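Each chain gets a letter, A, B and C, in the order it is written, and its residues are counted from 1.
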Amino acid sequence: MKKSLIVLLVLLLAFSATLFAQGSAEADKGYDIYVYNSKGENAAQFAAMCAAYEAETGVRVKNFSIGSGQDHMETLRSEMNSRNKPSIFSIQGIKELAEWSQGGFALDLNTVTTGDFGKMATALPQGLRLTSDGKTSYGIPYNVEGYGFIVDRDMLAEIFNPIPVDAVLAEIKAASYEEWAALVKAIDAWIASPKAMEVKLNGNTHKLAARKGPLSSKLNGVFAVMGAEKWTYGDHFINVALNAVFANDIEANQADTAKIQSLKGAFLAYAEALDLKTSYLAGARGKATRGQDFVSSANFGYDQAVQIFADSKAVFFKQGNWAFGNIEGVNKAQSARLEFVPVKMPYQSQDVKRTDGMTVAKLNSSIPVFVPNYYAVNAMVPKAEQQKAFDFLYWMNNSATGKKYIVEEFAFIPYNADPNTTTVPNSLGNSIIDYIASGNTLTAPYQGAPASWSGDVVGLRVMESYLTKRNWTKADYEAIANYAIEQWIALK
Amino acid sequence: MKELTVVTSESMNEHYFLKKKIKKVLLHVALTLIALYTLAPLWLLLVNSFKNQSEIISSPLGLPSSFTFSYLTNAAKEINFFRALLVTASITASSVLLIVIVSSIAAWIMVRNKGTASTIVFMCFVAAMLIPFQAVMYPLIQFFDDVRLKSATGLVLMYGGFGLSMSVFLYHGFVKSVPLGVEEAATIDGCNIFQMYIHVVMPLLKSITVTVIVLNSMWIWNDYLLPFLVIGNSPTKTLVLELYFARITAGQFGNPWQLIFPAVLISIIPIIIVYLFLQKYIVKGISDGAIKS
Amino acid sequence: MNFYKKWFWPLVMPSLLLFTMVILYPFIMGLVNSFLAWRGTYYFDPDTGTRATSMFKSFVGFANYKEAFQDKRFISALVYTVKYTFIAVIFVNIAALALALMVTTITKRSGLYRTVFFLPNMLGGLALGFIWQFIFQIIFTDILFSPDALYLPFLRYMTQNSNKALFALAMLSTWQYAGYMMIIYVAGLNTISADYYEAASIDGATYWYSFRKITIPMLMPSFTIVFFMTLANSFKLLDQNVALTDGEFGTRLLAMQILRTVKDTSPPNYGKAQAQAVIFFILVAVITLTQVAITKKKELEM
């Protein structure tokens, strides 16, 4: 008996010992730097780029890409708690920045002044930096993105035949909201029965075509809208309105109650513009209207809306340049002819609270351009590893191979591109570069709003209570605007 | 008089049997309808694994227009089917083995050694069944990482720990009904504890062990959250994880039904095969477990 | 008995070790964290407004609990979970009992039916949630119950309405678990000796009378188990909730609420999430222990 007891105890001790001793030797981690990439769509290409870097420099890059869906933060935090923390990780705006800066994980790049990377960090334009107070800089931008109403040039050409399409586009971009709303209604009537009706754009009168062409015969409605995706009208659509009061996300982040309440006018404009957009919908089989079907992901989810636009069943499609790949996948020919037209809203001049010279006209002729994601360096990894991370990031953004991956494989607009000389191999990207070159850009203040305010609170409310309603009244506009303001204040 | 009574009771019997027959037929009809309803989602899974996205949405209930296996093979590739199968099987098998060994000896000794220590320990195990996973999730992961066990091995240990409560509970109830007689005889014969356990006790626990194996295998095989947090970012994933990640990367927006349907189908094929072969044991195991508890 | 006594601790040790590592220690750590300003990857020091230099500097007392109870989303998730549990327990129990009764009454093919009914239980929650989402959104809404076909508005858009989603989730759960509970009831039914029924029918009892007086009392032990399991499982439901509606349209259950709390706050308030989890645990414990106590008492009475 005693012998068995001893044997058993020894076994137990050995078992526990292996548990705690496992890997205690300072073993090679198997990599030199570890990149945590939260833009999952380019997972395969990103891995290829890391392999290319290793082939060139011999530095082993472990990379993990995950979609920006629900759980990328969970895994990232789990990694941050582990022994093998990422050397480079993604931060998607100042809300995500909060915990990484407070916890001391994000390295302030303003402290890196030497070497190539130091130069690169110092050269970052102020407007593109990741900072919540303007004095710090926590990341290198992934790319620049933008959004607006996507339109097919050939479709516009048919609708305004025989006016040259470049002229039409210029007029639309400069038009006021009233002219835009009239245009929408005119196109809607034109789809039902085409005739040479007159529209005013930018003060000038133009005529629509007398009859439809091959593309415009397929039209079912004016707008392709993804009613089921609350982030489109909860984040991006309302973000346009925020530009009337905030110059950037930092201002939004630091807004006090009075400032938030001053958003009332802009939010009313938002509601009215949303009403317009969702009253002239194109469905897959004909005209569509607000209602239960509209918010169902089976009918108006992302893929369905892309399909509707790519099938030429709608004239305008509010999305960003990131949708290029999706559209290309459905209709490659059309994807080469795309351009952005600004998202206009019925602001009154007193709704614009900015003091930097922003006007209603400028708001209605610009598109938001912003950085959606940043590469941050982990302050908690050894200095040697940080240096390797700097070299990698520098290589990615400045070497020929790195830049080729960014522009061609990821289909990104590089943040450090010169807008006057750069072109990228996709039409939407080039459209954005044009807006940057002409200075008609807005920013993304919604990234400074409280964490779940935009999509999950306002977007959700709009989806559940308004997009299911057939008719909106002025009271509904008020309700939406008041809700947005209350929730911002409550969630702060 | 006698004749009359016989005739009457015969016709009464006929009436009774006819009623009983109708009842049985109705029951069969009802059961068949319910069975079809139960299998309907699986039918959906089957037919829609041969269609492309637009066909799935336009005619989800019908037979596919053509039997192309491309969606299935694509799904198998996207979720690294065979490797994930291997990973899931080995994790499940190791965890279940661990659970069976550890909980059976613990439950057995707790029943045999009556006393306050046994009762307290037993109550602890049972109470743990009420702890929701969220309450221990984050500290658990962090602790395991601190002892360098945030890996597949650690995952097995975690499953061992989580499966303990229910398994100890099941074994405990069952062992109570196993007579001491055989063990007493073995002691007299001079068995030591290991011999006794292996040769005397374990064979008697066969049927409840089947229950324990079945119940634990089921939830471990299908588990999503724990593998996600522990080995989520490693290249070798379980079947459920592969399914989850394939869906995220393929359809960041919208639902890629033409990937989801075939992927779910092939991921449940192993389960169905095992089930069809072992269902007698599985069902018996659960009913035995129910009685003994 | 000394024989067993000697071996008690060594044989119990492995299970205690596992238990401590996986459940006890994390639970206690979680409990401790619920009183701290824990942020997932670091502790926050409310006095300095920055990262805490030690765990103890981030002590916040009951603040996390207070915040949890004042959080509208937590309370509504709680209420929603109670409503759901109520409906699901009824649905599953009735379905399981009915199936068990039917299956034990017929003689032919009962094995086949049992096999079919139990099959859904073998399949995983997340994957099935996606399939049922498809069923509710497309099959029910557009095909079976649309205005052109068998128009039943209640069964349309079930995943887009807070109240209807309760039933949608319950339907999913019933489909998945009724077979399992049915087996338990069948086992229970099989322990009732046929003699009782014979004696009762000789005395002229109808089906419902013997059901009430014989079947139900003798099924109490099975009922206890099934009730206990469905109660606890419904309260803790997560995977199906995520896959079916992801909590939209006010359909967030408690387990998902805890998981999403950290998404709703920036920096993520893990201390508050942990407090919610502890409250969750207490609720589950209280409810299930009460239920077990009540049914055990009823068992003894009968």
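As a convention for this text, a residue touches a chain if its C-beta (ideal position, glycine included) is under 8 Å from a C-beta of that chain, and two chains touch if they have at least 3 such contacts.
Small disclaimer: the values here were computed from a predicted structure and weren't measured.
In summary, the chains found to touch both chain A and chain B are C.
The chain with its C-alpha centre at the largest distance from the centre of chain A is B. Between the CA-based centres of chain A and chain B the separation comes to 42 Å, rounded to the whole angstrom. Here the CA centre of chain B is 16 Å from the CA centre of chain C. A separation of 38 Å divides the Cα centre of chain A from that of chain C.
Each of the following residues of chain B touches two or more other chains: 57, 142, 193, 255. Residues of chain A in contact with at least two other chains: 1, 74, 81, 297-298. Counting partners per residue, chain C has 14, 40, 134, 138 as the residues that reach two or more other chains. By the touch criterion given at the top, residues 1, 5, 8-9, 12, 16, 70, 73-74, 77, 80-81, 95-96, 98-99, 102-105, 292, 295-298, 450-452, 456, 460, 463-464 of chain A touch chain C in their complex.
Those residues of chain C whose C-beta lies close enough to touch chain A in the complex are 6, 10, 13-14, 17, 39-42, 44, 50-51, 134, 137-138, 141-142, 156-157, 160, 246, 248-250, 262-268. Residue ranges on chain B touching chain A, taken from their complex, read 53, 57, 141-142, 145, 147-150, 153, 192-194, 228-229, 232-233, 245, 248-249, 251-256.
On the chain A side of its complex with chain B, the touching residues are 1, 4, 19-20, 22-24, 40-41, 43, 64, 66-69, 71, 74-75, 78-79, 81-83, 226, 229, 297-298, 301-304, 326. By the touch criterion given at the top, residues 1, 3-5, 7-8, 11-12, 14-16, 18-19, 21-27, 29-30, 33, 40, 99, 102-103, 105-106, 108-109, 113-128, 130-135, 138-139, 143, 175, 179-180, 183-184, 186-188, 190-191, 222, 225, 232, 236, 238-239, 255, 258-259, 270, 273-274, 276-278, 280-281, 284-285, 288-289 of chain C touch chain B in their complex.
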